[in-house]
Amino acid sequence: MQTALMLSVQSILIEGRGSSLIVLLLVLVLFYAAYSMSKSGRPPKMRRLIAIDAIEEAVGRAAEMGKPVHYTPGISGSLSSWQGPQMVASISILGYVGELCARYDVPLIINMAQADAIPLMEETLRLSYLKEGKPERFDPKMIRYQPSQSTMVTAILGTFQRERPAANMMIGGLYYESVVIGEAANFIGAMQIGGTANTHQLPFIVATCDYVLIGEELYAAAAYISKEPMQVASIASEDWIKFILLAITLLGFILEVVGIPVVSSFLKW
Amino acid sequence: MGEKSIWVKLGELDRRVLYWTLFILLAVPFLYPLGLPVSISETTLTLYNYIETLGPDDVAVVGIQAGVSAWPEVLPGLVAVTKHLVSRGVKIIFWGFYTDVDMTMNAIKARVPQLKWANEQVGSGDYKYGVDWVYIGLLAGGEAAVAQLADDLHSVIKADKFGTPADQIPLLQKVHNAADIALVVTSDTGDYGDYYIRQWAVRYKTKVAEVGIAMNYSTFIPYYNAGLAVGALKGVRGGAEYERLIGSLGEGTQRMDALNVSHLLTIFAVLLANICYFMTRGKKGGGG
Amino acid sequence: MDMSVARRPEIFIFITGVVMGLTLFGYFFDISEVQNAVQTFQTWATGIGWFALALGFLTAARVHLNHIRRRTPGRWYFSAWLFILTFIVTVAGLISQSTGFYKWSFTWVYTPLGATLYATTGFYIFSAAYRAFRARNLESSILLIAGILVMLGNCTVGEVIWNQIPAINEWLQLNGETPAMRALLFTAAFGLILFGIRVLMGAEKRFLGVVEGGGG
Amino acid sequence: MPYPTEPVEILGAWVGAFLTIAIYSYILYRENLVFRFAEHTYIAVTFAVSIVQAVSMIQNNIIAPLSNGQLTYIVPIILGLMLYTLPFKQVRWMARYTVSFLVGIGFGVAIRGSLTASIIDQVLGSITPPINGSPLDWFNYIWIGLGFILVTMYFTFTVEHKGAYYYPTRLGRYILMLGLGVYFGNTVQFRMAMLSGRVQYLLQVFKIIPWP
């Protein structure tokens, strides 16, 4: 019975994707394990994400100076594209930024260029202001949509000089805009927090920002902010799966040289 | 609070001074070309050698996913590779996923005079439209469309740019899916190169080469090392190399001069900034 | 009719989950119905994207109308100009995309300004290099030296200075950067997968529009 | 391509050059009314272009198949229109249906794209030893394989970079910086090529150098 099921699964499994499926299932198992562990009162410790801690400092600074905070998710890509999750992660962090801005009465300016993300962004911010008990302070006009990447860059350049934000956050699927926005923000002395999973833009946010979220950290940020058991558990399981695969890599690294291709044939399955 | 030293002043240079210097110096090579030699990279050579193995029975696709705004970086390479394909007699299908692709197509055509539209006179050695080459125009739909093109070209391409139905175009009748295509030249500022790799190279073993911006060159290196990409041109530098390989120096070679000037200036600026940094480091107290 | 059922968070998680699940299932298993469904979904998503563009315009219009209504100093006449020009070019484009004022605006405003903005990075990268790339410690020195070697290798003057530059550059490009890029892709992939799992578990509350600590 | 001869085209080339200089006036001077004019002009034209393109895309790719009897194309219309409930308090939750759908696809596509390409292929690439390789090939094998492991170790959330874990993660960070340096260098090339392209354009419009 079981073997029959296995065989029928095997027959429709696309060649070369078996190992990916195993990895995905393994992630689910590890997540469940970490989740049960933290529910039973042994939550894993999570290291600090300094960039997230710095958000409160940045908003506080803006409050002291009486200046706005500027936020942009970069061009990112539509929600349904493979860049979509970066946009969702960015909006999630924006929700937190919105709460802080509501709390300290700091004006928030958002420049963005993905039309299909507007509803999610607006709703998220509306709830942030509601949560802080200041729903009347939420103004949909704080979201400034620009019709393309380059127009967004132009508009941000203008915004910086005209409204002089005290802090600039560019977090999401960044492309060429990162270095332009980063330098222009430096020009006006804004404190900067950057974050992206787009490897090609990392050198620029490292060069221009005071604090950065690199790759995986961008996705983990929401979990770090909430500190809920399930969220933290999921972060722990990320580490576990990485260690397991690193062990496999090391094993393969040695075995392949001595001519035992078990690991590579598994991965190619 | 005494007088600031020269190093402090230099280190805090108004950036507009830097910008003006760069802006003015970039104009110099257009007025007085330097023409320094270019050495050929491995990934450029492998693409050249592969095209050398192709002939009039082969069909290549040129996918344009870079906009007019990226011309300075990608056009020299696109033109040089197209010239090479034409010199080998390889049939070419052009299409693009970028809104201003028509302008890029016209720019290529203006630089490769053998390509003739249907209403133009065809001489010997020229490419007859519809038979030797065809232009599809703008496509849409992201990775899904790229995948669908690989599975069945005709399910996506119903007609060419001018509305001629696909079944009346001889060249399109010769090809059905990715397996019929000998080479995909993808020119990108974004991620379409990855789509061709995933949907064409991985699934159909079609040869894919990147002729995009320098950053796409970096992303293509893992594919190249894994044997999935047949070659890659590193932006305008790759274009200049290719121009040299086919013996037809053009805009790429010209632009290399501007690159020399700007790169030397950037390196000079970084070194200057570091000298200032070291000269002033001890004096500010801490701050390391 | 009680509409509150139709906006329970579970429904949204369910939609996201089914679509995500089918997309993944179709990746692993060769079942043409699933793959066709996923393809259809993507066609729909592209279509929705086009509808969203007008929403974008309305969102922006709100901001600019506000400037006009309040006569914001130094701003409102530009906002008015934006409306007028958008209207004229749009109408021209709806009449004909390949001739007239639309084509002219596309060729001489849209295209050159795209290139202009794109090229502003040249300036900014230059000043970023000047300001930020200082050999403060070992790690920033490594970044600096690798960057300079690649720059020298990419322009032709590098090989005139030292004939080993192209070889070093080639090593850096083909091998030197590989471990870093591999690790970045690898770790970000797990960040992404677990983020997806959290969304499906309802842990990403902001995404669901649920206010923590009650409310609604 | 000779220098434009039609008056409209010559005007166009000059408008393009003027707007380019207007944008650069921000960078080379400071924010000013000319820049602001260029900014709003550019945004307006881009809005028009995106609206016109959306209209023709909707016409060709949704309305056309729908009127040919492919009824499933009604779905994107409905989901698309649901986005417009946003300004209305009572019904704005409807937009969330569309968002959930789009986010589902986004995650599906992204996870699908990274499972094999970003996880399996990266491990596989790090454990493929050279065949009859030179010493340099073997060095590269070790560099990439061990480097990959070290940099990945740097990216952990639940293990502090202390004790026995300090040195490998430190080394991992150095290797990461090397990679970022290479990326930086490559990007400089592209950006400078773009900027030189603009300088060239200005020189061409002002007839200082010939039009291509």
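All chains are identified by letter, namely A, B, C and D, in their written order; residue positions are counted from 1 within each chain.
The definition used in the following text is that contacts are C-beta pairs under 8 Å (C-beta built on N, C-alpha and C of every residue); 3 or more make two chains touch, one makes a residue touch a chain.
Predicted model only: the values in this text are computed from it and were never measured.
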Check: interface with higher C-beta contact count, A-C vs B-D, is A-C
Relative to the centroid of every protein C-alpha atom displayed, which chain's own C-alpha centroid is closest?
D
Which chain is most remote from subunit B in terms of Cα centres?
A
Centre distance in Å when subunit A and subunit C are each reduced to the mean of their C-alpha atoms:
13
CA centroids of subunit A and subunit D: separation to the nearest Å works out as 16
Approximate Å spacing (C-alpha centroids) for the pair subunit C, subunit D
5
Can you list the subunit D residues in contact with two or more other chains?
23-24, 27, 36, 38-39, 42-43, 46-47, 49-50, 57, 61, 83, 86, 96, 98-99, 101-103, 105, 107, 109-111, 113-115, 117, 119, 123, 125-126, 146, 148, 152, 155, 180-184, 186-189, 191-192, 194-198
Residues within subunit B bordering two or more other chains
15, 19, 22-23, 69-72, 140, 142-143, 214-215, 217-218, 222, 225, 234, 237, 259, 262-263, 266
Where subunit C touches two or more other chains simultaneously, the residues are 24, 27, 42-43, 45-46, 48, 52-57, 60, 106-107, 110-111, 113-115, 117-125, 127, 129, 131, 133, 143-144, 147-148, 151, 154-155, 173, 177-178, 181-182, 184-188, 190, 192-193, 195-196, 199, 207, 209
Would you mind writing out the residues of subunit C in touch with subunit D in their complex?
6-7, 11-13, 15-24, 27, 38, 40-48, 50-57, 60, 74, 78-79, 81-86, 88-90, 92-94, 97, 102, 104-113, 115-125, 129, 138-140, 142-151, 153-155, 172-173, 175-190, 192-193, 195-196, 199, 207, 209
Touching subunit C in the complex, subunit D uses residues 8, 11-13, 15-17, 19-20, 23-24, 27, 33, 36-52, 54-58, 61-62, 72-73, 75-77, 79-81, 83-84, 86, 93, 96-105, 107-112, 114-115, 117-119, 122-123, 125-126, 140, 143-144, 146-148, 150-152, 154-155, 172-189, 191-192, 194-198, 201
Report the residues of subunit D in contact with subunit A in the complex, numbered from low to high.
23, 26, 30-31, 35-36, 38-39, 42-43, 46-47, 49-50, 83, 86-87, 92, 95-96, 98-99, 101-103, 105-107, 109-111, 113-116, 119-120, 123-124, 126-129, 145-146, 148-149, 152-153, 155-160, 180-181, 183-184, 187, 191
Seen from subunit D, its contact residues with subunit B in the complex are 1, 24, 27-29, 49, 53, 57, 61, 109, 113, 117, 121, 125, 182-183, 186-190, 192-200, 203, 208-209, 212
Subunit C touches which residues of subunit A in the complex?
9, 12-14, 17, 20-21, 24, 27-28, 31, 78, 80, 85, 88-89, 91-92, 95, 115-116, 118-120, 123-124, 127-128, 130-131, 140-141, 143-148, 150-151, 153-154, 176, 179-180, 182-184, 186, 197, 199, 202-204, 206-208, 214-220, 222-223, 226, 228, 230-231, 234-235, 237-238, 241-242, 245
